[in-house]
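Take a look at the structure set out below.
Naming follows writing order (A, B, C, D, E and F), and every chain is counted from residue 1.
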Amino acid sequence: MRLLVINPNTTELMRQQIDEGARKYASPGTEIVTLCAASGPRSIEGEYDVALSAVGTLQTLVANEKDYDGFVVACGQDPGLYACREVTTKPVVGIGEASMYMACLLGHRFTSMTALWRMVPLMVTMVRRYGLTDRCASVRAAGVKVIDIAADRGRTVEAFIKEARVAIDKDGADVICLSGAAMVGMDKIMEKELGVPVTDGVVSAVKLVEAQVAYGLHTSKKNTFAFPERKDAVNVGEVLRSVYE
Amino acid sequence: MRLLVINPNTTELMRQQIDEGARKYASPGTEIVTLCAASGPRSIEGEYDVALSAVGTLQTLVANEKDYDGFVVACGQDPGLYACREVTTKPVVGIGEASMYMACLLGHRFTSMTALWRMVPLMVTMVRRYGLTDRCASVRAAGVKVIDIAADRGRTVEAFIKEARVAIDKDGADVICLSGAAMVGMDKIMEKELGVPVTDGVVSAVKLVEAQVAYGLHTSKKNTFAFPERKDAVNVGEVLRSVYE
Amino acid sequence: MRLLVINPNTTELMRQQIDEGARKYASPGTEIVTLCAASGPRSIEGEYDVALSAVGTLQTLVANEKDYDGFVVACGQDPGLYACREVTTKPVVGIGEASMYMACLLGHRFTSMTALWRMVPLMVTMVRRYGLTDRCASVRAAGVKVIDIAADRGRTVEAFIKEARVAIDKDGADVICLSGAAMVGMDKIMEKELGVPVTDGVVSAVKLVEAQVAYGLHTSKKNTFAFPERKDAVNVGEVLRSVYE
Amino acid sequence: MRLLVINPNTTELMRQQIDEGARKYASPGTEIVTLCAASGPRSIEGEYDVALSAVGTLQTLVANEKDYDGFVVACGQDPGLYACREVTTKPVVGIGEASMYMACLLGHRFTSMTALWRMVPLMVTMVRRYGLTDRCASVRAAGVKVIDIAADRGRTVEAFIKEARVAIDKDGADVICLSGAAMVGMDKIMEKELGVPVTDGVVSAVKLVEAQVAYGLHTSKKNTFAFPERKDAVNVGEVLRSVYE
Amino acid sequence: MRLLVINPNTTELMRQQIDEGARKYASPGTEIVTLCAASGPRSIEGEYDVALSAVGTLQTLVANEKDYDGFVVACGQDPGLYACREVTTKPVVGIGEASMYMACLLGHRFTSMTALWRMVPLMVTMVRRYGLTDRCASVRAAGVKVIDIAADRGRTVEAFIKEARVAIDKDGADVICLSGAAMVGMDKIMEKELGVPVTDGVVSAVKLVEAQVAYGLHTSKKNTFAFPERKDAVNVGEVLRSVYE
Amino acid sequence: MRLLVINPNTTELMRQQIDEGARKYASPGTEIVTLCAASGPRSIEGEYDVALSAVGTLQTLVANEKDYDGFVVACGQDPGLYACREVTTKPVVGIGEASMYMACLLGHRFTSMTALWRMVPLMVTMVRRYGLTDRCASVRAAGVKVIDIAADRGRTVEAFIKEARVAIDKDGADVICLSGAAMVGMDKIMEKELGVPVTDGVVSAVKLVEAQVAYGLHTSKKNTFAFPERKDAVNVGEVLRSVYE
């Protein structure tokens, strides 16, 4: 099977890290291609970033839809995820949701970890949209910018471990979710230090899409994720406009 | 005071209707300008449409931010609303939320009405994000496309009245919210037929922004709606990129 | 338009302060009259106080209903608010709810501030009744009696600022709500110190009633707030009894 | 032990029916006195009625507080219940809550039944305040005025049975709660017809107060139900004012 | 009336303590028999313990069902409670739920106390199943093993009092619930120290079953707690199997 | 990898059907063994059945824990699932939860389908425990006994399709979950008829355990699912008792 992993953060360094993480636990028959989104900010740390990267993610998905069996949106805020599901019948999984659903099978409550504290309200809203509020012990941040995490993961892993300990001891978390793409590859280091399972979003999403493709499942086209209605659009570029035809 | 009303639906006919509705109950000293969003689909009826129109709405707001005292996002799904709040200290109100907050002062439970049934899940999620689930008797649709509503409001008003009666009699709604921009101007006709208050989103938003500007209130820049972090971005156009500088 | 502001706290000093606050940001054409409730405790700091002041508020509203276009219940616990809505078709807004709905347009989460810690459970229940629990970062008290706040606002403002800082830094509040009438006039002082919007209940309520009257909206008379049924009543006084006739 | 049952509905016929119901399953050592509230409407069917009867109920409780071991507020909307708890250390139980807590021990979900449909929103809010929303299959009304139920229970019992069947078959209710005082005495007739437990509020409240008094339990005076603060009050009558001294 | 109290913890010392507690506030005509469950662990401190003791509790209830008027499951996690309700029409009350419902009549929010911190997630889930999440200020543990509490209650009471003070002062609890059987007899000592009501689960359950039996109430046999379907079973023993015949 | 699938229903016919379903979409390197639980009822259709089968499931898991890499509990009510997680560090997935988490990736709202209507309250409680209430459009039953489904799936599939149509059209479900083991093998037939994804619990659980084992994830041993405390137990059999040593 062929999977397309989209990096909404648009930085080449993160694309490489995501690609490496995505391949690490992939099944033998899975072919993985990782692309930067066609447009968007270099990192995603707030509502404005999410809005811009959603469109870049959609461009890349629409342009490549025919050539893959499933898709991963590799940013912890799952930008454009629900819109992506409208434009394809193939499985699309976000790494934010994937890290959390995987955690739900390993413990009763998880803590979702992100880069900056300013992203917490956005993440809390996302957890609620997914219906997982009662399973979420807390959302915590390491207090490091996304780009700094990607650039020096050796040093920032300490910040994540420190905050994860608070999550386990004070918030009662059973599992730690690394929702962001910048944290890819930290999972097993943290697991060893913390003694609890750590679910990386990229790996979790790849495994979940593989499971869906292997099982022959498709995105529902009735009710919530029906195809977009036919209509015209202005100044959105040919790729995005083609969806409406 | 000068208010900018942005029409994310990008059709000139709707822009005129919105403009007319926005002026109808505006205070004497309020100057209103209504612009179509810089890009986006002709109508907004699902997650894909919302994602695209969010960016178009942001473009128009960013390009005009300095020249106005407050902003209205004139689409019932409030596309890009939370991202808009990140890029300005001035008040920004969505017509979806406005129709509901206004209703909360006139009854205990409201029904939010939209164009197509496929939009209901998206609206239910939006109501939950605003925290108003317990105040929402139901979300109902008239079963008419947005563009058809705008083109022939005389005929479609009947479809809305019929569904609103079910909301009042069966769901127990005290108030009807016309969340969509296409329904602007139907409020008083429906009120007369139904005998309950009907809150139009465009009018409600204008009145709420006026109230905030008059009171000297600003969008909070701490926590959830802090300005976007400085960073680079690719292929997003000059206007959107300027926010990161 | 003529608005009646009712002071359920029944102290003349607070009536004057409320009246001053209510006029400060009122629109040019708005005439404001502020009256003490016909009966009730001197301050409202618990369930017993609320029950007594609810009836005093109703007496004053019923006695003056014909002469005004809209009403403000100027006590942060909104005593008798839902009963008031049953007896009139005109808009009635409580300052507790007004401070919170206004805050919902400026940030994602607010902290509602009150006088004494003992009032917090009552306020939490009120927030839930309004459906705003998910938007409420916390309810906090300054630990000062209502009458002491009214008598010496210069000194008590410090206590509110201190607690508001905790709300912003620890609870993640984007906006501070001054729900109580005794805090009227503290808003801009606190805003300057805290750097976040502060919504005063009295001002917010006046602006919201103005918006409703200008838009021609009425309290719903179907379902929740239908007029009281015809019946007899004993020992309730002529004014209250007249409602049943 | 001596229990005071207060009839907020203030009609002598209902006082007699409540008194009879309260004695029916009382323990041998329990002495019951039933009094009409000192003031209030003849029946309670909305927010306005509840606000007025709350004060009448408080008057009667305060005037008799010293002479009894526990109190029942015998109206299904529990008027003034939380305020009553502030003014005494003795147990106070409302018949609305009692019918529901008792039902929680006999099934997983109950339907609460009331007189008029217009009372449903108020009851739903009450169920939420008690935290029992997830246990509540529905709130349903028989569509009969309170006074008509009291006057001719033989005939109105049919209306309740009909609606209860819908609750059981369609809403999935395990238990039926007769929350209103007017329905006292219908429980066993309905149980026989319906084949599910029916919890009458008056009987349930008497049994629960008996249990609390026998166990030596008191209303908490810390946090939510602390005694009212000392203060002055105007035009509230000597009895109510005495609480503040 | 004859009540059977079942001790799922299966230790004789706890059986004696429970028996003593159950008799202490029982009504004159109530005959109480306390039995250890037919099988199960010596103490119940997690999900595995609950699963095993549920079956032991069922064995004892089924074997004795005909000889009693009502049943108490005397373990704070209410093991097998909902299954017990399926196999009898007589009232069955768990001490976990009993301590909480009784508390709901004495304050607005309670803290439920248990032995070990590891039991907290299980208790939080139980509180949610009962629908009481909004009434629960917190679940707290004394950090002592169940068997150690039973063996030396004099010493462990201090640990409970210390944690209860945090519940009252920090979490805002009005009432303390002693949900576990090992804490039986500590209630009045703690009440004296803390100044708030303390509801012991065993006493509360006995009083609630007495109330239900006196009122002639039965467990509902429609919907949730219908009798088990007829079927075969393997290796479950004669007593448990007899239910299916 | 070696996976053990446990059939809590204890019937050989269902064991064979489950085994066949589990193998159908399993990865090439996955070895699957399916065993009946050591004890329990022939089918699971209520709280009593769940309690008994939980212990049988635990017996089989404990006796075989060392020989497998992961476990599936193949009954839609997930009997003993949380207890199973306490006794092993290896992944354990229930088919009830698996069908729902898989559905969460394909649509926004799912309907969970079960055998008998009497199982609905139990399933609703389970959905709430998993935190998925907001994602659940409804729980519906086909009105057929578990054993009859297993014996004649050709005929019963019609009953499921009919009810699923109501779920899609009236409840707004995007995806149908076949939570029960008896329905294994119906998924693709139903998918073809309904035009929406249908997630079978057995297949979903196998794919999810495979994903977890491949990724090297373990059940958390901190907080909720810590190993059972050391203690004694009576009459529970050697296998179950060995856990406590």
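By definition in this document, a residue touches a chain if its C-beta (ideal position, glycine included) is under 8 Å from a C-beta of that chain, and two chains touch if they have at least 3 such contacts.
Only a predicted model underlies this, so the values are computations on that prediction, with no experimental measurement involved.
Asker: Which other chains touch subunit D while also touching subunit F?
Answerer: Looking at subunit F and subunit D together, the chains touching each of them are B, E.
Asker: As a multiple of 5 degrees, what angle does the CA superposition of subunit A onto its copy subunit E give?
Answerer: Here the rotation carrying subunit A onto subunit E measures out at 120 degrees.
Asker: Please tell me the distance, in whole Å, between the geometric centres of subunit B and subunit E computed from their C-alpha atoms.
Answerer: The mean C-alpha positions of subunit B and subunit E differ by 52 Å.
Asker: Taking the mean of the CA coordinates per chain, how far is subunit B from subunit D in Å?
Answerer: The answer is 44 Å.
Asker: Which subunit C residues reach two or more other chains?
Answerer: Only 82, 108-109, 121, 125, 128, 134, 172, 223-225 qualify.
Asker: With chains as vertices and touches as edges, which is it: line, ring, star, complete or other?
Answerer: It is other, because the touches fit no line, ring, star or complete pattern.
Asker: Using the touch rule from the top of the page, what pairs of chains touch, sorted by label?
Answerer: A-B, A-C, A-E, A-F, B-C, B-D, B-F, C-D, C-E, D-E, D-F, E-F
Asker: In the complex, go through subunit A and note every residue touching subunit F.
Answerer: 25, 27, 82, 91, 93, 97, 101-102, 104-109, 128, 130-135, 168, 172-175, 188, 195-197, 199, 203-204, 207-208, 210-212, 214-225
Asker: Which residues of subunit B touch subunit A in the complex?
Answerer: 10, 38-43, 45-52, 54-56, 58, 80, 82-83, 85-87, 116, 118, 121-122, 125, 128-129, 145, 147, 223-226, 228-229, 231-236, 240, 243-244
Asker: Using the touch rule from the top, collect the residues of subunit A that touch subunit E in their complex.
Answerer: By the definition above, subunit A touches subunit E via 108-109, 134, 172.
Asker: If you look only at subunit D, which of its residues touch subunit B in the complex?
Answerer: 120-121, 125, 128
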